[in-house]
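Each structure below is given as structure tokens.
Same chain, two partners: subunit A is paired with subunit B first, then with subunit C.
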Partner chain A sequence: MRRPWLIVLVVVWALLPWVLGRHHVDLLVFAAIYTIAGLGVGLLLGHCGIVTLAQSVFYAMGAYASAIITVNLKLPASLGFVVGMIASGVIALALGWPVLRLTGFFLAVATLALAMIANALFFEWDWLTGGTVGIGAIPKLGLFGFVLDTPLTFYYFAWVVAAIAMLLVHNLVAGRTGLAMRGMRDSLDAARVLAIDVHGLRVTIFVVCAVLGGVSGSLFAHYTGYVSVASFTIDKAILFLLIPVLGGAASIPGVVVGALFITFVPELLSKLGDFHGIVFGLALIVVVIAAPHGIVGTIRQWRKRALDESTATPGEANK
Partner chain B sequence: MLEIGGLDAGYGRLTVLHDVAFRIGDGEIVALVGANGAGKTTLVRALCGLIAPTAGRIIKDAFDVTRVPTHERMRTGIAVVLENRRLWGELTVRENLRLAEVNARQGGKVNFTLADVTRLFPIIAERQSSAVELLSGGEQQMVAIARALLMQPDLLIMDEPSTGLAPKIVKEILGVIRGLRDRGISLLLVEQNVGIASEIADRGYVMALGRIVHEIVPGGWQSFLSDERMVKAYLGD
Partner chain C sequence: MARRWMGTPARALAVSAVCALFTTTLFTHTPSHAQQATGEPIKIGAILAITGPGAGLGVPTRNGVLLAEKAVNAAGGVRGRPIKVIIEDDASNPDNARTKANALVHNEKVVGLIGPSQVAQIVAAGAITDPLKLPHIVPAGLSVPVERDRKCVYHVLPPQDLNARALMEYAANAMKIKRVGVLHDSGYGNVVMGALKAISSSYPGIEFVAIEKFEIGATDVTTQAAKVRASNPEAVMVIATSGTPFRAVKQVRIEVPVIAAIGSSSYEYVKAMGESADNVIIPEFLVGEDPLPDQKAFVEMYRKEYNLTPKNFEAAGWDLVQFMVAALKATPADAKPAEICEWLRRPHKGVLADYDFRDADLTGMKLTSFVYSKLIKGQYTRLPFRVSK
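On to the complex of A and B.
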């Protein structure tokens, strides 16, 4: 095995829910669900330089698709996942094509507007979404005749899905698409004159991000058994953006760290009572200032700097 | 190969190029010279589709590419070495070249392999795993030219390839550029340094204030360079 630490990680991961209390397993399930959504946001932010605040829209679409398909239509849960992914992808294509002509702040604001409009629609279209009442009694997921009705079983399932998502994202980034994305992020003009379809690539990644958001939403619906418009507010969109920002946008482990951060830190701070919101806000500020490249990105930089110092080759860098 | 007529282009409301017209024949090396701010780089950007012209035509091999987006236009056989090279500094030499390879034009008459460009610039083999930002300016220029050649162009546009480089390196690069003609590549060399341009170009155009103000015919470089008044008026030195 090339990476012994990976085995250690898998063993720790497998044993963790047996030593933790139910409440913490619960948080770890959410971390897995948020990791999947955060991977998409990280792709856009870290590799394309695009800030999206619209991930809550696709998270909601996945969740509603699963809820409506299984509760209202009494169809199998797997169909809910598929419909959620397709709906997220199609809507992302239709919205992304015009919106991704924008760049920088304008694009970020446009995605924020999309999230606000979508939230309003989820509220207004209560014949479909149940509005503030929501849709309840979403059935537990079954897998090979085995029902995932405890946090423990869902923990394994959600993290396996998250691992598959990580693998897919890893392959995407490692291949020629990843190279094209890095080229596009670092110099747009250079990418264009190398015949890279910059707009097409941005839209493609936006769609990938949305599909991941959809999967994440479907998992959320089946885990909690209940979805309502309250779960898909702007707060959620900001939370999804925080994941790669805190952990490290261009790094897959960074997204996991970010997802763990946003699930566990507010929980730990809740012991502080009324102040916990303020302290969480301060914690965010501290992380962003102390680790501007995200937690994992900054650790990597330290390591690289330490390596560079031990194997310094002076006189090489010049222009 | 390339024909431009009546081209107006600029940035927003500011029109930089006015009624620009010129042509490049098959296998020709044509220089575009002019002082700083004459509009040379704006012209290069318009030719590549990085800015949209407000009037005029750009015809590549009898194919109107005026409104064709950059990534498709490059597949008609145009490649460009932009001003300041625009390499990806954090990526390695090999990765920079790889991006050109995967996006290259298919089915054109030019066929440059990695081995070909390595023969032209041996530095590419020596430094292939180095991050480009660690290379010297001259080495970076060579990687930029190699990257453009791997796009398999029959027209290569180079914006100020000599800027900031030592005379010895410039000479080496010019030697390579001269040889590209034999591989079926036409060349548009955009240069502020008219001495360099006159060394390798068959013909030339002089640009000032966004217009083509003078054409240098084959064999006409010497008489242009000796006309002190004209050189001073158009090139500012």
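On to the complex of A and C.
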């Protein structure tokens, strides 16, 4: 077996909800949902060098699609997922085509503007979205006649979906497309010289990111049974960006770590009372300063440095 | 290479976000009141909006809850055991409300839940308590259809159609006006506005000449206020949980009377209104400066504890705890949540009003319970008008 740690990880994952309390399992479900959305942001940030603050838009579209299809139209939940993914992808294509000609801060600001406009529309179109009051009584997901109506059952489902998303993202970044993405990230001019369709590739990855956001939003809607515009504010857009930034943008495990961080740390700190927000803010500052490549990225750097030092010959080490 | 791309926009944005979060929290947090519990306390969960746009509701409710907790424990608690109200802040966010409800119900094993303070948050937390039939009482009125199906989520403030009627009664019968402009927020205000439209046929003499909506947490609504002014109304109804629309009314020089819904009656919002609070008329339940006879004891106790005058949400917080405690006292120690919930389904006499939780609106409040007051120099003055039937 080439990767025994993977078996250990799967066993721990399978046993974890039986050891933890229901509340922590609930948080792990949110971590899975945020992992899927964060993977998209990580793809753009870590492999394409694109900062997006628009993931909350696609997350909301997935959630609203599921809510409207199942509650208002009384259609199957699977259709809600499909519509959410298609709608997110189509909107990402339409918006991404012009916007992704920008780079750097300008692109970040443009995606922030998209998030703000979308939030205003979700709020104004309350005939469709329910506005601040939202849409309630979204049915629980069913799978082969089995209803996912507890955090425990949803935990397994959400993390399996997250694992599939991770596998797909891994295949994407490990192949030729991943090479092209990283080439584009490190030097746009060099990528163009190598005949990489830079704009087309950026838009494609933006669409992939949006589809992941849509899936994540649909899961959120069915898990909580309720969606409101308050769940899709700019705060959520920043949260999705923080996931890869904190965990490590270019690393899939980093995204998982980032999602766990933003799910668990505020909750653990909430025991500190009214000051928990301040302490969480300080914790974020410490992590961003101490681990500039994200938690996983920084650990990998330390490990690499330690390996380099241990493999260096004494003569080289003295140079 | 990698260092270059990671070093600029993402980190800068992350640091900015963190700083914004830090600053927001610093300026919105409020002092907590530590409680001492002895023995084996009976845990009651409470989720309130202590920070965020709903803090004007959550903070006064928390004061009422803590005062009630203290009074109950001073009076011997429940079957000799003290009660412990575990208060969590949902930061005015429904996702947080849901997470906190899960933690209180499943980790802390609370016997009942109080709050949250706002519509969306109540619906989110109700999704946790409803399947368990856990007794759940909220400091808000029934607002959306899904709440009618949740038979263990009781309410101690009027349902929104009753709030709407209280506003219309004053406009139609006390002021006898015909043209009304409305400025409302997107949550509570939106629901009350829907109720106003639904009951408007009962008040055929009144026409809504302008209806302007703004987002909860908006800091400037002068554009909407200007549109209301342009419609030349005889009175403006403000339905919000914020001081912002009142300031906007003043800024655009709307001189006609302002009638506000109960959601903006807390002193936190009155402070936020500043000078624009003057002459605002509110249909409500407790005028702390001039309480009804059976409210006097609570007002005195509250003043003694906090050196402040209580309003509706403080009294609601008190009533929430008292009703929950009454249910715990009346049911066996090993009663199932559904039994406690079932016991609550009866008439209750509160400081704020008389209730009947058997009613379909899970409140049972009457239009005749409303009193009307006017703000003069930051103080409430009770008006003689009451709804007669």
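Quick note on the criterion: the second predicted complex is superposed on the first by the 312 of 319 C-alpha atoms of A that agree within 3 Å, B and C clash if a C-alpha of one lies under 4 Å from a C-alpha of the other, contacts with A are read in each partner's own complex, and residues count from 1 in each chain.
We adopt the following convention: contacts are C-beta pairs under 8 Å (C-beta built on N, C-alpha and C of every residue); 3 or more make two chains touch, one makes a residue touch a chain.
Since the model is a prediction, treat every value here as computed from it, not as a measurement.
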First, second, both or neither for A:His23, with subunit B first and subunit C second: second
More subunit A residues in contact [subunit B versus subunit C]: C
Touching partner for A:Ile285 - first (subunit B), second (subunit C), both, neither: second
Subunit B versus subunit C as contact partner of A:Ile196, first or second or both or neither: first
Which superposed partner A:Phe105 touches (first subunit B, second subunit C, both, neither): second
First, second, both or neither for A:Asp308, with subunit B first and subunit C second: neither
Partner chain(s) touched by A:Asp186 [first = subunit B, second = subunit C, both, neither]: both
Subunit B versus subunit C as contact partner of A:Arg176, first or second or both or neither: first
Subunit B and subunit C contact sites that coincide on subunit A, given as residue numbers: 186-187
Touch list for subunit C against partner subunit A, complex: 1-2, 5-11, 13-15, 17-19, 21-22, 24-26, 29-32, 50-51, 88-89, 91-95, 98-100, 102-103, 106-107, 119-120, 123-124, 127, 143-144, 146, 149, 185-187, 190-191, 215-216
Of subunit A, residues touching subunit C in the complex: 21-23, 26-27, 30, 45, 49, 51, 53, 104-105, 108, 123, 126, 131-134, 136-137, 151, 185-187, 224-226, 228-231, 238, 241-242, 244-246, 249-250, 267, 270, 273-275, 277-278, 280-282, 284-285, 288, 292-293
Interfacial residue positions of subunit A with respect to subunit B in the complex: 176, 179-180, 182-183, 186-187, 189-190, 192-198, 316-319
Subunit B residues touching subunit A - in the complex, by the definition given at the top: 48-50, 69-72, 74-75, 79-80, 82, 86-91, 95, 98-100, 102-105, 133-134, 136-137, 147, 151, 164
